[in-house]
């Protein structure tokens, strides 16, 4: 089922866009600067639309079915958020417009900053980072700036648990730190002895995901914070798994110093086929001066009443009036990107939080954790479970099935596609061989979970009795298993001729 | 059947080194290429670079993994294997022959004797395989 | 509650299957004293209430449907064909994740492959990735890539002062832990003067075209600069406005090794600064050092053509602390917007848009240069923006333009740099009609003197 490349549908002279004519005199063009060829496609609007519609039909999204990708929080993307994000009052504003002409935008951003502070317990938030990894890099740079501000240049190492997402060590390296791995213990927690052995004054901090990538809440999280702070290090929180703890516990209360949020995970903004996301960073008052900027500040504005001589903070309806501005923090690490962050994503996250409210957010986390534990209960008798504990919003199984020696996790994943599911996260975290990480999220019903569990159990059975079904999978998708070795050995990365 | 060429020595990290007069060749073993499965790219150093024993001298990429390759003995790079650019699959097909990575001049020839011979290396590999590294 | 499908009966059945009494029991690992804090958030809104509330907030803004816009400086008000929004609204595209399971992600993968191809078409480069966060972070990644190509042995970056000030700030922010010497942007320097600063310590030389002030560089001068960079073993990085590439030489033709920039103008819309699109392309020889996701073509078990993410061993999920870049989520949906935009406009249309911008901007410059008290500063070739010296501070002029004429004026160059006081960067796109431009000229022509205004206020 092949869709031609757009270049193969092209025909010279066609154009889809309908542009206005030039209504001003034409100025001379600098001939020596002009290009000759411009090898872009030439298609009509109908062909364009059909091409992209047919491409879309080759895709699987959350709107098509269950998408249990661990650590990605593939929850339902509310449509009202999409409508709001498309309001022309938001879309058609330029980032350099005078602040007085974009008070709506700044008010929304300030509101989101405040919501994230309340949810996390942190003292300050910057919305600027464009993705989780961007937020991690931001947090690590902030830690570095903090230590340097105290004249401490000898901290050159960052501690990172062996279960960490690859972005953690990668961000650490970008900031100029050396990564030191801390092992996990038999219960999936950070090994306290290993941590203690590494805590000294060469350590800038620890990057901790909690709940971690095994879906487990660290049983010693407060001790971890104490050990780290005792040696002068800071505690970074990777907030990818925040969906488990909204209204359950505030990360700041667990003594994290700085944390990033993933709006495209916890706060329902769509994944977009890979992005855009948004990775705001929250932090303690101590680290607040180092946030990247600008951030939005709020100022109560004096309003004169109609009655002469009176001047108070209420307008005619008795509400307070605020002015919003963009300001750089006191000693910022700098700018993480041009402008203020992924504003279109802020609008969606803001609307989501306004729609759920405090009770809704807590219910979301409770249902996320309940759904995960239920699915775990249905599967754990059949799939090996490396850490037999109450899970949070996700859990990790192994694909090494007794009685199915030639079957690997990749085969199970591909076979799930034949049942109409997107596979869970596979081969991560690295500390579990043949890992399968399942995160159902709270927006799935018990029915969906039961159907998925039934499919997983059937596949486990097939693994023993008809493994060729798994090895040959997927059978019913638009393409069958693809040759990734050839793609890497002989890269063909674009289709222009010559 | 995993091969263990006898005319050379090995590191526990699966590099081999073969002396040729006052020069030497280095590459990775058959056991290593098995572990990596299909090699898609090899990054090699520049001619003239010098490395100490144990320094990262090259990187081997498969579809799902990247492995650092360590210099088995200290020395200066005399040439690198240009064939690996077009045909990284050679590493899987002929790890001891056509898929040599670098030719170098050892600066401390005495380092050779402390390396594992084929028998000791084979024993190490069999133990590693038993421990369940997939 | 919205989006939570489970009923109390469902929850009870699940709790029973798990073997706990209540959902609170599932949180036993959370320190008891800290469990279930109250969250002080506004009460939940129903859908119509949410729509109404957010619409009200949006209407506190002055938006560009209601004011003519002459503001650019790195974000541009361009026509977005209606097809872009409709394609992006297909939830098969926007509710999908990164295409790690290619068999059910061919829509995302093929559209990204086509996007990569079109970026190569625009820039003349051999390969492109599937996006960075924006033009500024793409430039920072170009620096990191140049360091990788130099195998870590070079620590200097020659950066033109013509690069957007926020891009230069982002480059410094990104590289603050890398021990680099980012130099040469302390004052304006032409290509010749920049070339003189390149040495064997230099990892890369970076220019922007058109530059922040709107000027186009002479391709011959850029060739000479590129030659100087290559002679010293450095990479030549060009940050290029993609609409301008509809008209002007692709940077490959004057020796670029890396071409990057802001793709927002390609169907992305303004969105108050984000989400935007960092496009990034380079020569074939450097592909293994390029960061970001890359889509490649291959075949499936039946020999059918398909697409996959490839060369993944460069990326963070495999290289971890040895990865050159930590990027995970990118701007995929904005790259899709760019692919649709470039397809909709195509070979002829993109050139037409670029020409409209060029001619309208030149008409505006000509008309404005006739106004007493105003001066179009330079006679160098420009694309769609130019600095205009004004008789009064730009902030005052912009207040006047908005209050009296409903026009959003250009960027105040003096805001960050006192050497540019009273200078407005005027931007014109294909969306500015002749009438709008004439109104701007009339408005500025009628600008009261400072003195006249003071008298009125007294």
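Here the chain labels run A, B and C in written order, and each chain numbers its own residues starting at 1.
As a convention for this text, contacts are C-beta pairs under 8 Å (C-beta built on N, C-alpha and C of every residue); 3 or more make two chains touch, one makes a residue touch a chain.
Remember, predicted model here, so these are calculated numbers, not experimental data.
K.L.:
Considering only C-beta pairs in contact, identify the chain pair with the most of them.
P.N.:
Highest contact count among chain pairs: A-C.
K.L.:
With chain centres defined as mean CA positions, report which chain is farthest from subunit A.
P.N.:
Chain B.
K.L.:
How many Å are there between the centre of subunit A and the centre of subunit C, using C-alpha atoms for each centre?
P.N.:
20
K.L.:
What is the distance in Å between the mean C-alpha positions of subunit A and subunit B?
P.N.:
39
K.L.:
From the C-alpha centre of subunit B to that of subunit C, how far is it in Å?
P.N.:
44
K.L.:
If I count partner chains per residue in subunit B, which residues reach a count of at least 2?
P.N.:
Residues 40-41, 61, 63-64.
K.L.:
Mind pulling the subunit C residues that touch 2 or more other chains?
P.N.:
Correct list: 311-313, 318-319, 322.
K.L.:
I need the residues of subunit A touching at least two other chains; which ones are they?
P.N.:
In subunit A, 484, 488 touch at least two other chains.
K.L.:
Within the complex, which stretch of subunit A touches subunit B?
P.N.:
So the residues of subunit A in touch with subunit B come to 427, 433-434, 484-485, 488-489.
K.L.:
Considering only the defined contacts, which subunit C positions touch subunit B in the complex?
P.N.:
Subunit C residues touching subunit B: 151, 288, 311-314, 318-319, 322.
K.L.:
Subunit A touches which residues of subunit B in the complex?
P.N.:
On the subunit B side, the touching residues are 38, 40-41, 61, 63-64, 88-89, 132, 134.
K.L.:
Going by the contact rule at the top, pick out the subunit B residues touching subunit C in the complex.
P.N.:
40-41, 43, 46, 61-66, 68
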